[in-house]
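Paired with chain B in one complex and with chain C in the other, chain A is shared by the two complexes that follow.
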Partner chain A sequence: MSVMLEFRKVSKVYYLRRGFLAPKKPFYALRNIDLAVHENEVLGILGESGCGKSTLARLALGLETPEEGEVLLEGINFSALSEKERRKLRRKIQIVFQDPYASLNPRKKIYDLLAEPLIIHQLVPKKDLRARVGAMLTKVGLREEDMERYPHQFSGGQRQRIAIARALILSPRVLVLDEPTSALDVSVQAQILELLREFKEKSKLTYVFISHDLPLVLFLSNRVAVMYLGRVVEISPAESFMARPHHPYTKMLLESVPEPDPYKRKLPKVKGEPPDPTLEFSGCPFFPRCEKALSSCEKEVPGLREISKGHLVACHSL
Partner chain B sequence: MNILEVSALNIFYSKSRIPVVEEVSFFLPAGKTLALVGESGCGKSLTGLAIMRLLPTGLEITGGQIHFENKNLLELSPEEMRRVRGGKIAMIFQDPMVSLNPVFTVGTQIAEVLELHRGLGRQKALAEAERLLAEVGLPAPKARLKAYPHELSGGMRQRVMIAMALAGNPKVLIADEPTTALDVTIQAQILALLASLKEKHNLSVLLISHDLGVVATLADLVAVMYAGRLVEKAPCEELFSKPLHPYTRALLEVLPRPEKKSLKPLPGQVPPPGARPAGCKFSDRCPSAQKKCFEKEPPWQEVFPRHWVRCFYVSDA
Partner chain C sequence: MLRELLRHPLGLAGGAIVLLLVVVAVFAPYIAPYDPLAVNVEAVLSPPSFAHPCGTDLLGRDVLSRLIYGARVSLEVGVIAVGISLAIGVVLGALAGYYGGVVDNLISRFIDIMLCFPSIFLILAVIAYLEPSIINIMIVIGLTSWMGVARLVRAEFLSLKEREFVLAEKALGASSWRIIFLHILPNTLPPILVSATLGVGSAILVESALSFLGLGVQPPMPSWGNMLTEGKETLDIAWWLSVFPGMAILITVLAFNLLGEAIQEITDPRRQKR
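Take a look at the complex of A and B:
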C-alpha cells in the first residue's frame, strides 16, 4: 500500500488582526501535522468548526503553502515546484466543496464548467470534448443534454453531482471531499453518498473525506483522523473506531452525537467550549475540557503514539 | 390536556395563491415535546412562524385555527397577539447571531422582554436578566450582561436566546432548529439544557428539526411533514420503531450509520410548492405508490391509537 498524499510536520499560520489598530496576531490553523493518505483508501477527517480540517484540504491541493513542513503528493513536494509545475501536479488531486451554490460559476454552462479543466490540461482533443463531458455527466447520474444548461437550473443535489463530475473529469488520483453533503437534505445526501461509494468501488480513487458528522465519516471511511484545534489527536481504523475510541476528545464527540433512536436516549455532560485558537498555550489543546487531564497535560503537548496496530492517539493519560 | 391545538392550518402565497402548508393539524399536550420533522421546504418552520403570527410578507394564513388557552390566536388583535408573543409563547431560532440585535448588549435585550412582559423596572430587570443567564449556564453572567452578541460564541449566543425566551415566563416554547448552527459537542450541551429547563418550568415544547437524532433525544411525540402536509404522527418510540408512512421509513433508511454498508436513497427531491404532484404529494418518489396514489390525496387518519398516517396503503411494518 503506497502513500498517495503525505503531510510531514506541517504547520500553517495565518495572521489575524483583531480590531482596527490592534497588531496582527499569529493564528495556528494547523500545528505539526503528520498524516499519510494511502492509495485506494478513504481517509475521513473528523472535527468541529475551527479545527483546521478545511485548511488541511487547501494545503493538500497546493492552494496554500505551509509555513513549516511539507505536503507531498505521490512523493512530490508542492511548495518546491514552480507555479506551472504545481498546476500540472494538481490534476492528480481534485476537490469537491461544501456549497454547490458557491462553487459553480453561475454564468457558465455546464459544458463550459466541465470542459475547462480538460482544455487547461490539454487532455482531450477539441473535437472529443463534448463526448467526454456528456459521458461524465451520465456517470454522475445526469443527462447528456444537461450540458447546455446553467447551474441555476439544477437543484442542490444535482449541482453537487456537477461539482463531482468536474472534479473527476481529470481522472485524478485523489479526491478531496470537503463537507460534500452538509448543504443537502438527508434524502439527497444519501444519493450523493451512494454515488461516491459506487465510484470508489469501481475505481482506485483515493478519498480524503472531510466532515463534522461522525456517522457520515464512519459510513464512508476506512480510516478516521480526529482533529482538535489544528492538531490530529487520534487516527484509527474505522471498524474499531466505535469499539475503542481512546482520546478523551473522541469520546466526547461520540457521546455528543444524538442517536436517532429514542431507546438510546442520552443527555451527556459535556464540558466547555473550544478555546480561542489565537491564544497561545503550551500544553495539550484539549486540556481545559479534559476529564482525565494530568499535570503534564498543561505543560507538554502529547505526540501521536501507536497504541495498537494502525491506531494512534495523542494523549498523556494513556 | 392540550395546551396548543392547531387545526387544518393552511398557508398560501398571497399573490399566486399557491398552497405552501395545507391541512396541518396537531395537538401539543401540556408539558410534552412535540417534534415537527422534515426536510427543507416541507413547511415545518412556516408552521412554527404561523403560530407566532410572524409569517414573512408574501405568505398568509388562509384557513384553520390555532387554539391556545381557549383562544384562537388567529382572531387576536395585533395588540393582544403582541402580549402572547414572547410572553406565554416564546420562540428560539436556528441562528442566534441573526436573531439577536448586534447593537444592543445582551443585558439590555433580555431586560426589554422583562420590562415588556413582566412590568419590571430597569434595575430589577437587569438583576433578573443576570439570574436568567446564570440559569441557562452562561459563565460569568454579571459580566456578560454588558457583552454584545458578537463577543460571544455560537453556543453562548444560543444560551442568551434561551434566557430571553424564558424571560416572559412562557408556557410554550417553539424551538426552530435550535442546535443546527452549533458544533456537536455544543449541541449536546444545549440539548441537555433544553431538556432540564423543560422539566423545571413545565414547558410544552414545539421542536422543529430536520435532525432525527435531536428529535429522538428530546421528543415525546413526532409529526413528520412532507411537501406542506403532515404525513405521519405518533409517540416518539413508536414512530422510530414502527414507521408506517413510506416517507418516514425512507428518512430512517437514508441515515448514514457506521454499521450500514450502503444506503437506499429515494430518487428525486422534495417538490417545491406549485410543483407538487396531484394526489398523494409523495407519490412521485414513493417506492410503493399505486395508481390510486397519483389520483387522490390520502386522508389523514388515526390507524392505531395516537398513530396518525396519511397513506392509502399503510402496511404494518
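Take a look at the complex of A and C:
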C-alpha cells in the first residue's frame, strides 16, 4: 500500500496575544505529528475538542503551513509550492466540513456551487457542466432538478449531501471529513455514513475521518489515531482498538461511550479536563489526568512505540 | 427580482417614482410645456394656474418646465456621484476587510482622515478652487462620499471572510479574486444597494445645497437647488417658487430610500417563499 498523505514531524504554532501590550504567547495546536495515511484506507482521527483535529485537516489541505515539518500529498510538499500550484494540487484532496449550514454560500444556487470546482480547475467543457452536476446530484441521492434551488431550501442532511457532492465532483484521491455528521440528527448520520461508505467502495477513495464520536470512527475506519493536546498518543488498527490495552487516555474515552442498556449503565470515569494548551510543561501531556502516572511521566514526553504489529502507543507505563 | 418588487407596495411606490423621474429627465424636452429659459415679462410671478401648473418665477419662466429640466441635473449628479463613490468604496473596503493587517490599517486610517474633513466644506473649498460645473460637482461629491460605503463593505468582509464557506472555497482551490468578487461581494450586495440608493438621495441633497449656495449649477440653467435660492427672495409673496422645488427634492430622496429598503428585503434569499 502506498502512502497518500503524510505528516512528517509537523508542528503548528499559533500566537495568542493575551491582553493589550502583553507579549504574544506561542500555542502549539499540533506538536511533532508523524502520521501516514495509506491509499484506499480510512484513517479515523479521534479526540476531544481543542486537541488539534481541525488544524490537522487544514494542514492536510495546505490551507495553513506548518511551522515545523512537512505535509506531503502523494509525495508533494505543500509548503514548497507556489500559491497557484497549491491551489491546483487541492484538486486531489477535498474536505467536507462539519456544519453544512455554514459551508455552503447562501446566495448561490446548487448548480453554481457544484459547477464551480469544475470551472476553477477547468475540468469539463462548459456545455457539459449541467449534465455533470445533474449526474453528481443523483449519485448523492438528490434529484437533478435540485440544482435550481438554494441551500436554505434543503434540510441539514441534504445539505451535507450537497457538500459531499461538491467535494467529490473533482474526483479527489483523498477526502478529509471534518466531523461530517456531528451537526446532524442521529438517523440522518447513519444515512450520510452509508453514503460515504458506498462512495469509498465505488471510487477507491482514501478518507481521513475526523470525529470525537468513537463508535462513528470505528464504524468507518480501518485504523484509528487518538489525539490529545496536539499530539498523536495512539495509532491502532480498528479491529484491535476495542480489545487490546491502550493508552490511558484512550481507555478513558472508551469508558465514556454511552451505554444504550440502562441496566449496564455506569457513570463515566472521565477525570479532569484537558489542561490549558498554552501552558508549557515538560512531561507527558496527559500526566495531570493519568491514573497510571509514573515519576518519569512528569519529566519526559513519551514517544510512539510499537507494542504489537501496527499498534503504536505513546506511554511510559506500557 | 422585478416581479417581487411589484409585490412590495412601498418598494413599488418608490420604484415607480424613480422610474417616472428617469422618464421625465430623459424626455424633458418633449414633456416640458415651455422652454425653461424663456422669459415672459407678461406672466411674472403668476401663481399656479392651468397655463402654469406650478406658477412662474421672477422672470416669468415656467416653474414646472424648470423643475422637469432640474430633474435631469439631480439624477445625473446623484447617479454618477454615487457610481464614483461605490467604485472607490467597494474596492477599498473589500481589500481592507479581506486582507486585514497592514492593508486594512492603511485604508482605515485613510478613511479616518477623509472623515475628519466636514465634507460640505471640503466640497465648497474644492469647488471654489475649480470652476463650478455639473461634472466637477459629480466628481467632488463622489470623491468625498465613499467612506461610508468603504466602512460598510469592510465590516461585511470582516465577518463574511471568517465564514466556513470561504474556507470551503479555498479548499476547492479558488483564487482570492474569485472569493472576493464572486463569493463575498454578492453577500454584501443588499447593504451596498441600500447605501447606494440612500447615497443617490444625499448626493441630490448636496447638489441642491451647493446650487443653493451658488456654487453648483449656474443660473440660468435650472436645478432644484438654485430654484430654491431664487425662491427664498420671494418667499413671502410667491410660495410656489420654494415649495415645488422643495417637494421635488423631498419626494425624490424619499423614493430612493423606499426603493433601497425594498431591494434589501427582496434580495435576501431567506425571505423567498416557495
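Keep this in mind: the second predicted complex is superposed on the first by the 313 of 318 C-alpha atoms of A that agree within 3 Å, B and C clash if a C-alpha of one lies under 4 Å from a C-alpha of the other, contacts with A are read in each partner's own complex, and residues count from 1 in each chain.
Please note the rule applied: contacts are C-beta pairs under 8 Å (C-beta built on N, C-alpha and C of every residue); 3 or more make two chains touch, one makes a residue touch a chain.
All values reported here derive from a predicted model rather than from experimental measurement.
Q: Under the stated touch criterion, which partner chain does A:Lys309 make contact with: chain B (first), chain C (second), both, or neither?
A: Neither: A:Lys309 stays clear of chain B and chain C.
Q: Given the touch rule stated above, what does A:Val257 touch, chain B (first), chain C (second), both, or neither?
A: The first partner, chain B, only.
Q: One more residue to check, A:Gln94. First (chain B), second (chain C), both or neither?
A: So A:Gln94 only meets chain C here.
Q: Touch check for A:Lys204: first (chain B), second (chain C), both, or neither?
A: The answer is neither, since A:Lys204 touches no partner chain.
Q: State whether A:Lys127 touches chain B only (first), chain C only (second), both chains, or neither.
A: Neither partner.
Q: Can you tell me whether chain B or chain C touches more residues on chain A?
A: B
Q: Under the stated touch criterion, which partner chain does A:Ser103 make contact with: chain B (first), chain C (second), both, or neither?
A: Once the two structures are laid over each other on A, A:Ser103 reaches chain C alone.
Q: Which positions of chain A touch chain C when the two form their complex?
A: Listed in rising order, the residues are 61, 63, 87-88, 90-91, 94-95, 97, 99, 102-108, 116-117, 120-121, 150, 152-153, 163, 166, 170.
Q: Looking at the complex, which residues from chain C come into contact with chain A?
A: Counting only chain C, the residues touching chain A are 163-165, 167-175, 178, 183, 186-187, 269-270, 272, 274.
Q: Under the stated contact criterion, what part of chain B meets chain A in this complex?
A: That would be residues 39-40, 153, 155-156, 183-189, 191-192, 195, 210-217, 219, 236-237, 240-241, 250-252, 254-258, 260, 262-267, 269-270 of chain B.
Q: Within their complex, state which residues of chain A touch chain B.
A: Where chain A meets chain B, its residues are 48-49, 155, 157, 185-191, 193-194, 197, 212-216, 218-220, 238, 241-242, 252-253, 255-270, 273-274.
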